[in-house]
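The structures considered in this document are given below.
Across the two complexes that follow, subunit A remains constant while its partner is subunit B and subsequently subunit C.
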Partner chain A sequence: MFGQGLLKGLEITWGRLFGKKHTVNYPYKRIEMFPRFHGRFQLDVDKCIACGLCVNACPNKVIEMEREKVGKKQFLTKYVMRIEYCLFCGLCVESCNRDALRFTNVIDMNQYRRKWVRLTLVDRPAPEAEETPEEAPAKAAKAEAAAGKAPDKEG
Partner chain B sequence: MGENIFVDFTAWLRGLISGLGVPDLFNDIILMIVKLAAIIVFIALNATWLVYMERKICAYIQSRVGPRHHGPVGLLQPVFDVVKLMTKEIVLPKNVDLVVFLLAPVLIVVPPIVAYSVLPFGKDMVAIDMNIGLFFLVAVTSLSTIMFWMAGWASNNKYSLVGGMRVVAQMVSYELPLVLAMLGVVMITGTLNLSEVVNAQKNVWFIFAQPIAFLIYFIAGVAETNRPPFDLVEGESEIIAGPYTEYAGMGFAMFYGLAEFANMMVISAMCTVMFLGGWLAPFGLTFIPSWVWFFLKMYLVIFIFMWVRWTFPRIRVDQLMGFGWKVLVPLSLANIFITGTGMYIYRAIGW
Partner chain C sequence: MKTQTYYLNLGPQHPSTHGVFRIILELDGEVVVKATPVPGYLHRGIEKLAEARTYTQVIPYTDRMDYLAAMLMNWGYVEAVEKLMGIEVPERAEYIRVIVGELSRIASHMIATGAYGADIGALTAFTYTFRDREYVIDLLEMVSGSRMTFSYFRIGGVAADFPEEFYPAVKKLLDQIPAMCDEYDGLITGNEIFQARTKFVGIIPPEVAVDYSLSGPVLRGSGVNYDLRKVRPYSVYDRFDFEVPLGKNGDCWDRFRIRIEEMRQSKRIIEQALEQMPEGPVLGKVPKVIKPPVGDAYAEIESSKGVYGCYVVSDGSPKPYRVHFRRPSFINLGYLGKLLEGWKIADVIAILGSIDIVLGEVDC
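On to the complex of A and B.
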């Protein structure tokens, strides 16, 4: 019959008219993103050894890392991601040997000002070097050397 | 109940004015102004509502929910739209034909407003009961073509020009089947007075007596209002916005919001009057006022317009002209021939 296709189209849109609506009331209600979604980064500070592999892996030089040597270990004092340059490729996450850096499925990182976009994951002062028993004499000796014996050495 | 609200109000106003000692001539003029003001308010309110309705139906057909934030269920959305459009600058591009450019969006709303003066909204509710009402209405609504062409030409823009050309081609071509479809009804009723056309449908609505004419009228009506699937005039993907391209702010709103919806209302109201029995109540439900029935039928037709709009894709220009001249016009001529033959046979057998 001529016009059958037209009627079929009308029938489909009629069904849609009363069908289920897929819109989510966004700012008030959100769809849970998939677990593997490349969203906001999460850093497990306790696992991180501040090796800097993620910094090297990043193609855009997004990650800024500051570390201090505390005792024998590297101590992570600052870990800032300039998210405005991030392309969420995931190379940093892949490069992490300790599984410290991870993606979460949180999507809202938008800010009102550009400078607020920067994602600061860690910002803490380095602890004072613990006076471990073996370390204390060495340090004392070092200080001594620095204070008293320096002129000698120089001379 | 409520049947005679508007008629009684008019009579009361007439009595009040003549009671103040105003001569009959001025009395008529004042009443005419009141009626026209009422029509303008009616069109403006309905256009705002139709903007909302269009967006909602569009959204629902596309499995969305549409405007929702402003007011209860987004009812204030058109108000926000209007305020936004009013506060926008009216951009005047370089080298436009200024007078014509600014006149076009003003004049575009005139034909629908004038057309409404002869439409019967309900029993005895017609601003001017003209004995050539149908003829007048068709003549006036076809004037819109000139305004679109004015806008297209004055904009000094190739897209506007192409759009204007398309408007003229399309509206002139589809005016013909529109009028020829209505001719079948006129042949049966033998009158051009719209109130009498409605009264002639007491026994059977003309949609049942003239189904082909109704279909032709509906298709040509969609094309006349430049709505999809016949929106070649705008054709966003081809010629940006056609004649409206250079208009901003309220100029655009006059074309897009007010004129389009006012035209659509005129076409739907005419459809109601000619084929759906106008203000006559179906199934003897006369306790509902006649003007409510008119509204319900008009909005039913408008809904079908919107439903069709959001279902079908746009057709090509050659298809449009071919369909108009090779299908609709011969079909409407055949319909007139069949109607005439039928009438002759019925008369011959004295039915």
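On to the complex of A and C.
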């Protein structure tokens, strides 16, 4: 019979009209994101050793990092993510050995102006060095030697 | 009476072109005399961008080709690099790849089905398939953290193992898939108006399909039994029992119908993969800095649109010397100009929709 298919279609749509709802009233009710969700970034400053692995892992040069040497440690002074270029691929989070950089569940990163989009995770001055001046050069030389060795090992 | 042909510009901004795609139609009244497809509006130069990235950093860019089945786009690329370096992928990672790949295929076919319904005039069907696709995407989000551009594959395996909550969720979805497909069949496939618009429209003869190197549902709609998962099984596809749905006439209706059948088959594959999945690591032994030896490799997989291939050339540095992608949508479009000749304007939309193109992939 011609029109049987049309009636079948109507039956399905009418059935759905009284069926379960699949949407939520969004701004008032929100679906919880999964734990692995790639939302806004979070940097645990105490864990970060300013090694710069995340900067190198990024395909789009999103991360801008500034560091200063304080005593024998690298001190992170600035960590800015140019989120407007971010692909949210997660390669930076994966590259972090110290588990310092992480994704959160925050989804609303929209801004009214383009210049507000940039995500500044750290912006602080470096503290005064406490070390005596005699010790510093020897330690710097050691650090340089270690840095020089590292690439052959990886290659 | 003296008549003359005239030109009609379809697109680039037209909802039925599924993106930014232009067709210049030369018409005699309502009948197409000549059709000239003009792609390239979404060209971003991904192949060139890849030359300035390390091998791992290319993965997020492959997502942006066929963004409706991004997992499959990852797959072709990482397989080519693995072939180049001779990396052994752990078995569990292969199974995970099959599962997320088939889920991606289901999501992509859902869009193809719904969008084709919308092209023909059944806009209701579009909302139904998109609703169901959200549930598939939820699963992939659970696994990879993103809803569209997953970047989940890594050279030598995948980024992470499935979370615990994935297994019950995927089981629940797989149980619903036959009912979902039945719903699409009831809404669109069985509809007489839809059949009148698509049956015996835009017929591609099998020998022409082979000559033009068409692949995927477009080729199988013409009755050519060619599915890479069967004819040249890659990964672990030789361990699954599934059928390759084939069309009879090579018309729009066959191409459309096959996609719904493929969803049912994908469901079967995922069920078997979940059952057979072994324990073990998900990432093989991969050096920290990926530096393939000098040489080249070509790997291909069956994506949702057809045969997706990736060619990688290495000069021994950590960055690829050249990357080329064989995008099925682009090659399937090669026959469009000839195919449209002789059909009416309304059929142009029906034929273009049945090829199921994604412009991100066509223009790369």
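Criterion: the second predicted complex is superposed on the first by the 125 of 155 C-alpha atoms of A that agree within 3 Å, B and C clash if a C-alpha of one lies under 4 Å from a C-alpha of the other, contacts with A are read in each partner's own complex, and residues count from 1 in each chain.
By our rule, a contact is a pair of C-beta atoms (placed from the backbone, for glycine too) under 8 Å apart; a residue touches a chain by one contact, two chains touch by 3 or more.
Because the structure is a prediction, the values reported are computed rather than measured.
**Student:** For A:21, is the partner it touches subunit B (first), subunit C (second), both, or none of the two (neither)?
**Tutor:** first
**Student:** Mind working out whether A:89 is in touch with subunit B, subunit C, both or neither, as first, second, both or neither?
**Tutor:** After superposing on A, A:89 lies in contact with subunit C but is clear of subunit B.
**Student:** Using the superposition on chain A described above, determine whether A:34 touches subunit B (first), subunit C (second), both, or neither.
**Tutor:** In the superposition, A:34 touches subunit C alone.
**Student:** Residues of subunit A touched by subunit B versus by subunit C: which partner has the larger set?
**Tutor:** C
**Student:** Which partner does A:6 contact after superposing on A: first (subunit B), second (subunit C), both, neither?
**Tutor:** In the superposed model, A:6 contacts both subunit B and subunit C.
**Student:** Using the superposition described at the top, list the residues of subunit A that contact subunit B and also contact subunit C.
**Tutor:** Touching subunit B in the first complex and subunit C in the second, residues 6, 9, 12-13, 16, 22 of subunit A appear in both lists.
**Student:** Which residues, counting only subunit C, touch subunit A once they are in their complex?
**Tutor:** Within the complex, subunit C contacts subunit A at residues 53, 56-61, 63, 124, 128, 131, 134, 138, 141-146, 149, 151, 159-160, 163, 183, 186-188, 190-195, 287-289, 291.
**Student:** Going by the contact rule at the top, pick out the subunit B residues touching subunit A in the complex.
**Tutor:** 57, 59-65, 68, 307-308, 310-312
**Student:** Using the touch definition from the top, list the residues of subunit A that touch subunit B in their complex.
**Tutor:** Where subunit A meets subunit B, its residues are 6, 9-10, 12-14, 16-23, 25.
**Student:** Can you list the subunit A residues touching subunit C in their complex?
**Tutor:** That would be residues 2-6, 8-9, 11-13, 16, 22, 34-38, 57-59, 87-91, 94, 103, 154-155 of subunit A.
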